[in-house]
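Shared chain: chain A. Partners: chain B in the first complex, chain C in the second.
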Partner chain A sequence: MTVLKRNPAIIWRVERQREAEVKQALAAGDDPGERGTVLLIDSGTMHQLNLVGGTIWQLIDGTRTAADIVADLAVEYDVSQDELIGDVEAFTSDLLQRGWLLHG
Partner chain B sequence: MAEFTDLFSAPLTFNWTLSYRCNFSCVHCYSREEAAEELSTAEICSMVDILAEKQVPFINFGGGEPLVRADLFDVATYATSKGLNVSMNSNGWLLDLAAAEKLKAAGFKSVGISIDSADAALHDDFRCMQGAWDRAVGALQALRTVGLRSTLSAVISRINYQHFRQILDLARDNGVAQVYLHNFKCSGRGFKNREELDLSPEEWKAFYVEALAVKNATTDISISFDDPVIASLPGYAENPLVKGSSCGKLSLHLKPNGDITPCGFIPLVVGNLLHDDFDDLWKNSHILNAMRNKEAKGKCGSCGSYESCLGGCTARAFATTGDFSEPDPHCWK
Partner chain C sequence: MALDLLDTPLRATWDLHDGRSGMPSPLAAQVAQRLTDAQVFYLTLDLHPLLHADVVDLVRDLSAAGCQVEVCTGSSADELARLPELPETVPVLLDVAPFCLADGLDFVGLGKIMDDFRAMGRIPVFSLVPNRDNIGLLGALFAFSQRAGIARFKLPNLRINDTFRQTCQPFMVTPSDLDRLRLQVSDAAAFRSGLQLDVHDLFLWEILFPDGGTARSEYGGCQAANSLAHVDLQATVHPCNSWPHPLGHLAVASFDVIWSSPDRLAIRQNVAMQPAGCCNCRDYAICFGGCRGLARELPTIDGRDPMCAGRR
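And now, the complex of A and B:
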């Protein structure tokens, strides 16, 4: 399994305050909805990733395979391994198709 | 607009005037009459540190002429090392092959050259500098030679609005990636000379209708306008990150002394990057919040396009009326 890396042409940043608020809402049992925590800019167009997507995005640092990412997420999120595998696969497939991710 | 700074913890771009000094004296210049103390290289690098810490992704050096500062290359190298995406705008006079190589080595992502006409004599006259056009085109060629992405900026005015296609051809001939057809700003000398240079609202409309059609039919070169007043036009298919002016929302301007203004064309100081708490300025500045929360005044109050354009260019409205919320004087509606 190859490692994944972010396309260096994509400009991005973590919106730390927003991320903290979303985590706080989750901890309090509230639904934070799809509020973005990571901003991506691709050719002048801005996109947002929600908390889970943003977390996966940050883990895709050119050293991890999809399996490594699932293992890291399993520490943070109390959901089944199968569900995490499905989420990571769906997310990375979509982003590979968009060209935002590359195989390392 | 609480939700605005809730999402955007900082602007995406700082347009940074390192110096108001310039080797040109153009008739439309917004900053020729401006003066401000310049900071040392170390102080400038301290500001870069702040911008990197705030995760501002883009800085664009303008002026004045950025190349009059001998430390431009060192500053850009430092900013690049901090992860910032660095670009600049220049009149091209000082940008020979050696300078282009140094810009490339410093990590510049893109360099914009100002050329207002495909007619060399007209450009030289507008820029008040004999030989300016030759040197500007030479700069584009030097950038192309070293493989550094170039853009071309033309300020649309009475001298060129009917001939913008030739400017696009000039860009094509010189390997330019993107052409900015900038709207005329009524600031500085642009305000003094606007009777002579600015178009009427009807002329702006005719220009944009034609230019948008050309843009939509053009695939080999990117054409940008960055003018919120065009949002009401048919054929306008952009999906901007924010409605209305992006100044004070997605971008801010830095003066040579570190003072922050909403944009280069609005002479209101929000605070100082070195001496004030940036997060506080960004969230709580009365000036920025007034720009983010404009109210529809005058004819905007009954206009169906207001939700798209939010009153057009805030800088132009402020320059001509002293009120952010008055209609953009270029508006034809």
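And now, the complex of A and C:
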């Protein structure tokens, strides 16, 4: 399995304050909604990734395979890898299709 | 998805040179570094940045850091002479206001400036701050743009400076001006002439895009001091260039620090308050009170955006 990396043409940043607020809301059992914690621009258009998508995005650093990302995410959110595999695969496939991710 | 509250701005305007004087080079370098550190996505170098000795280096460095930079220009020979030094990928926004005359468009002047740009292998983006005197010429300008091969036309917000009340208020577009424009725009798509339009003002945008669209799908109201910031010639940060209010100075503080300040948060709380004149308006959930900077600077009825015709 190849590693995944972010397309270097995609400019992005993490919104630390919002990320913290969303995590706090989740910890308190509240619904944080779809607040974006990672902002990125592709061809001049801005997009937002929610907390889980943003976490996956940050894990895709050119050293991890999809399986590595699932393993790290399982630790981060304290859930089984089986629960995550499908979602991570769908998310990374979508981003590969958009050209935001590349195979390393 | 809403954009409150961001760690630092996403878009900024920066007065690097106002036509008379420029920001000192060391300060300009520091501002550029602050913008890079803040990961500002979009930067417009406003007024006359091509008159600044360091503009090319600054644009190159900011672009290399991932910031999408646009450069405004007037039509002076000194400014045009710098154009070939700019990377071709950097959009150049030509202020076409000087070509809007009392008796119509200066087609000769516009044709000549287009020839100058073409000779340098460039096509500018046209930029016009709408005012009472020129808003009636939008149709002619759009049609000219289409014939001239212009792809993009920007209609920015009205800047406010120290002399605003004395010099600009009489030129502010009023709801009546917008009504007259609306009568001209029977077929908005045809009126737009195939141009990519960047329209800051919501009420003008409504006329040009009556069927809506995706361009404002993430509009969450006035973005002053949130996704938007303005840096003046002294490196003082303001909520936006329609809202002069010093929030901090980039020589002494980063955007992170300024955006965490009580003063900035007070501005956002101010923006979030529903103006009295907007109470029970069915469209408040769409406009959120429109431009709060102009509403603050120009005494308006119950705090409404001065371009708003009234409660709907």
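Just so it is clear, the second predicted complex is superposed on the first by the 104 of 104 C-alpha atoms of A that agree within 3 Å, B and C clash if a C-alpha of one lies under 4 Å from a C-alpha of the other, contacts with A are read in each partner's own complex, and residues count from 1 in each chain.
Basically, a contact is a pair of C-beta atoms (placed from the backbone, for glycine too) under 8 Å apart; a residue touches a chain by one contact, two chains touch by 3 or more.
What you see is a predicted model; the values in this text were computed from it and never measured.
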Touched partner set for A:E34, first chain B, second chain C, both or neither: second
Which of chain B and chain C A:M46 touches, first, second, both or neither: both
Chain B versus chain C as contact partner of A:R64, first or second or both or neither: neither
Which superposed partner A:R6 touches (first chain B, second chain C, both, neither): neither
Touched partner set for A:E15, first chain B, second chain C, both or neither: both
Interface residues of chain A shared between complexes with chain B and chain C: 11, 13, 15-18, 36, 39, 41, 46, 48
Parts of chain A lying in touch with chain B, wherever the complex brings them together: 11-18, 21, 36, 39, 41, 45-46, 48
In the complex, chain C residues that touch chain A: 1-2, 5-7, 10, 39, 41, 66-68, 218
Sites on chain B touched by chain A in the complex: 6-9, 12, 55, 57-58, 85, 239, 241
Contact set on chain A toward chain C in their complex: 11, 13, 15-18, 34-36, 39, 41, 44, 46, 48
